[in-house]
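There are two complexes below, and they share chain A, which is joined by chain B in the first and by chain C in the second.
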Partner chain A sequence: MAAYQLPQWAALAPALLLALTGLVLFLIDSISPRSTDRTLLAGTAAVGALASLAVAVWFTAAGVGTPTVDGGEGVIEIFDGQFVVDQLALYFMIVVTIVTALIVVASYDYLAGHTYQAEYYSLVVLAATGMATVAAANSLVTIFIALELTSLPSYALVAILKDNRGSVEAGLKYFLIGALSSAIFVYGISLVYGATGVLQLDSIAEVIADGGADGFGGLLGLGILMLLGGIAFKTASVPFHFWAPEAYEGAPAPISAFLSSASKAAGFVIAFRVFNVAFPLGEIGNVIGFDWTVAFVVLAIVTMTVGNFAAATQENVKRMLAYSSIGHAGYALIGLAGLSADGGELVMGAALMHLLVYGFMNTGAFLFVALAEHWGVGRTFEDYNGLSSQAPVACGAMAVFLFSLAGIPPFGGFFSKYFLFTGALQAATANTAMLAVAAALVVNSALSLYYYSRLVKALWIEDPPATRDRLGQPTGLYAAIVVAAVMTIVILPGFGPVAEAATGAAEALVN
Partner chain B sequence: MNDWIAIGALALVGLLIPLGMMAVSYLLRPTVPETSKRATYESGEIPTGGTRVRFNIQYYTVALLFLVFDIETVLLFPWAVVYLDAVESDSVSLLEILGPMLLFVAILLVGLAWAWRNGAVQWAQTPRQAAADSDRQ
Partner chain C sequence: MVGTGAGPFSYAPAIALFPLAAFVISLVFGRQLPKKGAIPGIFATAASLLFSLWMFATVAGGETYHETLYEWSAGAVTTEVGAEEIAFSFGLLIDPLSALMLVIVSLVAFLVHVFSLGYMNDEGETGLPRYYASLGLFTFSMLAFVYADNLLMAFMFFELVGLCSYLLIGFWFRTKSAPSAAKKAFLVTRFGDYFFLIGVVAIASTFGTVAFAGEESFVVAAETAIEDGTTLFGFDAQTWVTITGLLVLGGVIGKSAQFPLHTWLPDAMEGPTTVSALIHAATMVAAGVYLVARMFGYYALSPTALSIIAFVGGFTALFAATMGVVKDDIKQVLAYSTISQYGYMMLGMGVGGYVAGVFHLMNHAFFKALLFLGSGAVIVLMHHEQDMWKMGGLKDKAPITYYTFLAGALALAGIVPFSGFWSKDEVLFDALIVGLEEPVILAAYAMGLLAVFFTGFYTFRMVFLTFHGEPRTETAEDPHGVGWSIKAPLVVLGLLAALVGFVNLAPIAKVAGMDITFLEYWLDGEYGYVEGLTYHHYHEMVAFEEGYIGSETTTMLLSAGLSLGLALAGAFAAHTLYNVPEPKRHTTKLGGAYTVLRNNYYQDEYQVWLAEGLTLPLARTADLFDRSVIDGAVDGVSGASLFGSSWVKRIQTGLVTNYAALIVAGFIALLLGLGLYGGWF
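Take a look at the complex of A and B:
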């Protein structure tokens, strides 16, 4: 027990700190508009993200959100349960702030000479605020508002290279599909509200358990499917994945990293919380006539297959990474597919671990693309030929990211995939369809090794073209890439606490 | 009798009146076809330029600022209604009732100050004026 008991609302401190950072950035920009003091702006954003990360880690270590039976402080409810700070919320706040800190540091070099410095950083921090708030939101309304706070800055960020046709086009496409999926999501909320009469997640579960939604099964089922659609957009899963390659390719590469790691994690936290808390398996099956795990089994298999097969045919590195991120969304969906009425926390914990490891390796891979864009070497596999002779450190880090994404043993990605696989096999005792999911996981991982190693081959084995200029060594980008690479490896000995935090969060949610 | 019949009748009459007026005027009016009747703006003025005018983007930023303060009003209203009761009661301190709203308004003020400093409420400039301004600097 701490000597001084913080007030309840202080449990939201990671999100509040990010919001405060956003306001400070606005103040700096108000005092000197059009400032191009990159050190001040990027530094402020990085300090804010790191402070938020430190607080989230401290809260996790101090036992905030851990159930009291396990010696923690108990789950903290704020505003009558509109927000809830539990292990899951803190876990995802950690993921989001890590990615935010990495891309802010990397943007320091990427944005050199850019006009809208302050706007960029404040939008990034505001989007991160939204993602951290999503992690703690416990009512369909707060989820929707936090989701919009995540989405709206993202649209602007994708299109922030105003004079770049690709960036503007990507921003428009992202915005149009995002608006559509927001509409679907909010319609889903209205249908769920119509069927149950409440918006808070645990109240929805109570109403369903009490039979208050009997007779509205069709309405509720349609609402749940629509919620699923909105979530699929945010996580770039089939059938709402079309925007991802376009948006990631056109966006500035650090923003692609941000969207494909942090934004995706925010989508998954909604999926985990809404489906576990509001629509507990078993009871919901009696009302709407089917278990939602069926939907997730199909989505997981289709998403990972589509993502990996499409990635294998790409010539453009950024597009390849975009499709691979769709494939990884499929892996994380296994966490929901493997749930059953009386268990499944192991497979969901594995999905949480995968999202954390993915936060490092995928962000790192996209930041390497940012580095290549900074160098101006080109976009295709061939343009990357022989970069290792000129930039061995960055290319070594990239090889780590790619092998980790593929799931090769010495790296973090192997462990999370391994846990997903064993979790899926264990869940197969309750639901034989999980065998198909586990098989799809193995087949797709094997396939992904093909296109990841193609890039490694281009970097390390092919000869460099004779005409390439000397490549610079931008400090910020290098620092972010090296930190991400080191974390991808170091997370292995440190996997104990991570696995503990992830399974703890999953257990608290499932039971 | 079903209540909906009255509504249906109302809809029917609402549709019949304009159609009837159009039909009657079609029957009564003289037909004098003339090309200037087809012009975009036919009240005696000669049209200048096309109909597809591009509005200045500043209308959008001003509208956006308005929207922010519109929502602020929506949130201030219920707060103002309970304010006196809350001040008189002993269960809530003045800080508790005043603090959150002051914080909320302060956040909006930061946004307004930012928008102001970055020229969102500056008078719209034509490209020519903007060029003249930049020459002067």
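Take a look at the complex of A and C:
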């Protein structure tokens, strides 16, 4: 396709560009350590994220990862297969860079007057680098390293409001739970290595297929469950979700958006890749006694239910969104629960679509909270009363986000949820437990409409308090919110290519 | 001989679109226009009339048009007869029937627009842009209904016609009675249309098509199904055709004001008289009977449906005529005469007299438009007084109004040689010859025949009370003058009412052996035709036997003589009683019968009882069920959810050690569960 052949390692360009941006930010910081030139810093970070996004989109369009028989460039392997750049990797790089760009732009206003500007942006970009690397990692070791690269800056970012007790406490809790989860994850890696003797994902599958792990079924099974635990931490799935409500609530709102959208997506890409590539369904069942989809069926139902039920009666908006984010992790888990030995790419494609749409609507919703924090109106539903009379555009966007999160047509969230539902029903022919999953999806969606519309009601129907001051219109935050809202809406007409990319990525992985 | 898109027919959509444009213009710019929207309306309907005449001439030249213009939905279905896909579209069907109806509708609409200049503008009404916009939309809907080529499109425009009549009947919405009458018209016809809609769905899901004409039509599909002895939804094909046909007939009975859904029509007199003319002559009420004519092939397949149509028609004709006898309001008399006359049309259709029914539809359109516009002129003369007892002696003061009104009255009463005689006679003749073999039809015929007497009586009672005798009030002594815009339409319609009957002089043709039944030839495809939609074809399909008293000619002369004699007897009775200088209220002498008639056989009362005594308690019960059981269940679910929520929330204690413990516990639980499931232990 290209006029000249790029070197192999260039396939990692989206991640490399992010790393480079991080280094540039360090450079700026070391030249002028006290700099609070927000335009320069936020601008550099945004340019880096957008450049990375552009490259990822270009690669997708140019056919990287598309099988060569379909006229594509094929999957590119780097470092003897430690990294692979395929459709799935590029898809998640796109999701991550979009969210990064949005929150960097929004942070421009949010961080006004903040002391640690350069540190903030470089940590965000480094975490994004980790997420982009995770998407391409193809060995348990690279996955672990990339995961830690994602996690460590995140801990610091949650606690970056050093004068805010909530922020610091949340950071510490997040770190402690994160350490526990990492320990479980890395122990899981060692067990899998013990059972199979290899770390690269496709090699693990080969060993299992050749019967090399026979006799170590229990060991391998325990290892797999521990990997699952580590992933559940990253995706904020029950029971590894305890950090999430407090971290999201305590963190600066753009960081909450970042963690709940991009970081979660990174967790899911590991789940999709590790479980599909390393432990192919059918074969794995013979070794460990059951298919891992059972675990995901349980996790999906429990996560959805706990997330939505806990969200229903929250008084604090950010905390409500935090729990709703846990609920959405449950929806995305359906993509793994619905897989079967001979297919399931539709339901997994639906989960991928949901993660992309979620990247816009959830980020947007948290950014609205960031805007409210910027205005200083307060944190509860009641404090949000009647904001629409003062800021109709932002409140309109928020209504779009909330209805889309609830899955109301004609917004993007409706379609991804609809595909998840039909996918789950289709998968039910092979696995009747999926009927329970589909039922849980419907019940929880109905419940979620209750608390999302509560917020819409507060914004649009309740009367504003008489004492509220004039509200500012911060450009960056507004721009990010409006872009996210527009994308939530226009993703519907543009759903064809999105669905194609998602299903393509899922197909490449499943088969 | 179905034409393609080329030639005059490619302009056919414009016929309906002109009034639509007038609607938009009147609505948007009406306030600024000199006559508040009358001018665009007049030009649009004139253009529609010209184009309709052009279509008429083209059809006369042997061409017809059947074309789908826009398909808005298509998809796979499972139908009873095995068709696997269905398409819903907008399309035009211009055959002799619709071409004729287009001319009638656009002509009447045009004359009504002109008349409105004198009736509405000159009388200083307010809200005229709204009036003309509604008229435009009304005309558009009716024209589009007339040349719709499928049942669903017909249904849609049928509904639009209903909406427009609602808007126009309630034109004087500040009075108390007009909005109530408008609502009544809307609700009662909606009740019928409900069955119509079910009928459309039933036909679509049975045959997989809703087209009126062509090989793909539901009529042909139904015919095939009956021939093949197919079972449809558990019924044999003919029974099912009867059921669906009767469902569609629900809409017809509502719109054409047949018993028992006629109650809206007298109240609809609350609208401006011009609107009454349009509703009764060419649009709303005509739509029902026209629909029967349009899908006559379908009804022809079912003798049961036809008998019901005929019986309802005959009964309504008599029933309404008797009520017309005791009314004092000039428009009320006309209203009941409309119900009665549409009964004749239904009777004609029901006995297989397709030509007779259409013939009467056409004649009635002209003479009823004339009578309403005439009564409008009288109302202007009388300074908006409608009670006939306060009139009298207008004959000399307003000769043009009188003579044209008289022409209409003679046509309505069925006096030779005015148009109404020829068509009513043909309806009754067709009913008689079938009735000689079928007792049910004979009963319908008898009622129709008896109604002729009452028609003659109430028509001339109206004429004599209004125009003859001495003026009974000061207003009648010194009437208000009327302008050309009132007189011109009256003259045109007066001529038509007198002469249009000559297009189908069936009795004379029989007696003299001349080929002068032009309308029959027209509908029988002597000029242009669409396969399967001709009188000839229908006549073969209708399964009724025909009998004669002596020879065919004798029977015909007997029938004509009977009906003419009864009409004259009615007119003569009215003459003796009311054509005196100081007429008395003779009808009050009827005693108990008078009360019953004045109260319209308590039809309104029982319908109100149905609504208040039956439907309302039922609705209350349903409401109670909804509030207690349904809401209770929903509230229970949400209550349980919220309770669960507060419980789930409590797991989050805020202590990180608890979290670590819970994570490990949760993980171990998962491990144990899956381990047991996988058989590790």
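Throughout what follows, the second predicted complex is superposed on the first by the 511 of 511 C-alpha atoms of A that agree within 3 Å, B and C clash if a C-alpha of one lies under 4 Å from a C-alpha of the other, contacts with A are read in each partner's own complex, and residues count from 1 in each chain.
Keep this in mind: contacts are C-beta pairs under 8 Å (C-beta built on N, C-alpha and C of every residue); 3 or more make two chains touch, one makes a residue touch a chain.
Computed from a predicted structure; not experimentally measured.
Participant: Would you check which partner chain A:A394 touches, where first means chain B only, second means chain C only, and both and neither mean what they say?
Facilitator: A:A394 sits against neither chain B nor chain C.
Participant: Let me test your reading of the model: by the given contact rule, A:G229 touches which partner, first (chain B), second (chain C), both or neither?
Facilitator: second
Participant: Between chain B and chain C, whom does A:F290 touch in the aligned arrangement: first, second, both, or neither?
Facilitator: Once the two structures are laid over each other on A, A:F290 reaches chain C alone.
Participant: Quick one: is A:F26 in contact with chain B, with chain C, with both, or with neither? Answer first, second, both or neither.
Facilitator: first
Participant: If we overlay the two complexes on their shared chain A, which of chain B and chain C does A:T313 touch? Say first, second, both or neither.
Facilitator: Once the two structures are laid over each other on A, A:T313 reaches chain C alone.
Participant: Name the chain, either chain B or chain C, that contacts more residues of chain A.
Facilitator: When the residues of chain A touched by each partner are counted, C comes out ahead.
Participant: For A:A253, using the defined touch cut-off, is the partner it touches chain B, chain C, both, or neither? Pick first, second, both or neither.
Facilitator: neither
Participant: Looking at chain A, which of its residues have contacts with both chain B and chain C?
Facilitator: Touching chain B and chain C on chain A: no residues.
Participant: Applying the document's contact rule, which stretches of chain A touch chain B when the two form their complex?
Facilitator: 23, 26-27, 29-31, 33
Participant: So in the complex, the part of chain C that touches chain A is made up of which residues?
Facilitator: 638, 641-642, 644-646, 648-649, 651-652, 654, 656, 659-660, 662-667, 670-671, 673-675, 677-680
Participant: Help me check something: in the complex, which residues belonging to chain B touch chain A?
Facilitator: Interface residues on the chain B side: 107, 110-111, 113-114, 116-119.
Participant: What does chain A use to touch chain C in their complex?
Facilitator: Within the complex, chain A contacts chain C at residues 172-173, 176-177, 180-181, 184, 217-218, 221-222, 225, 229, 238-240, 242-243, 245-246, 288-290, 294-295, 298, 306, 309-314, 447, 450.
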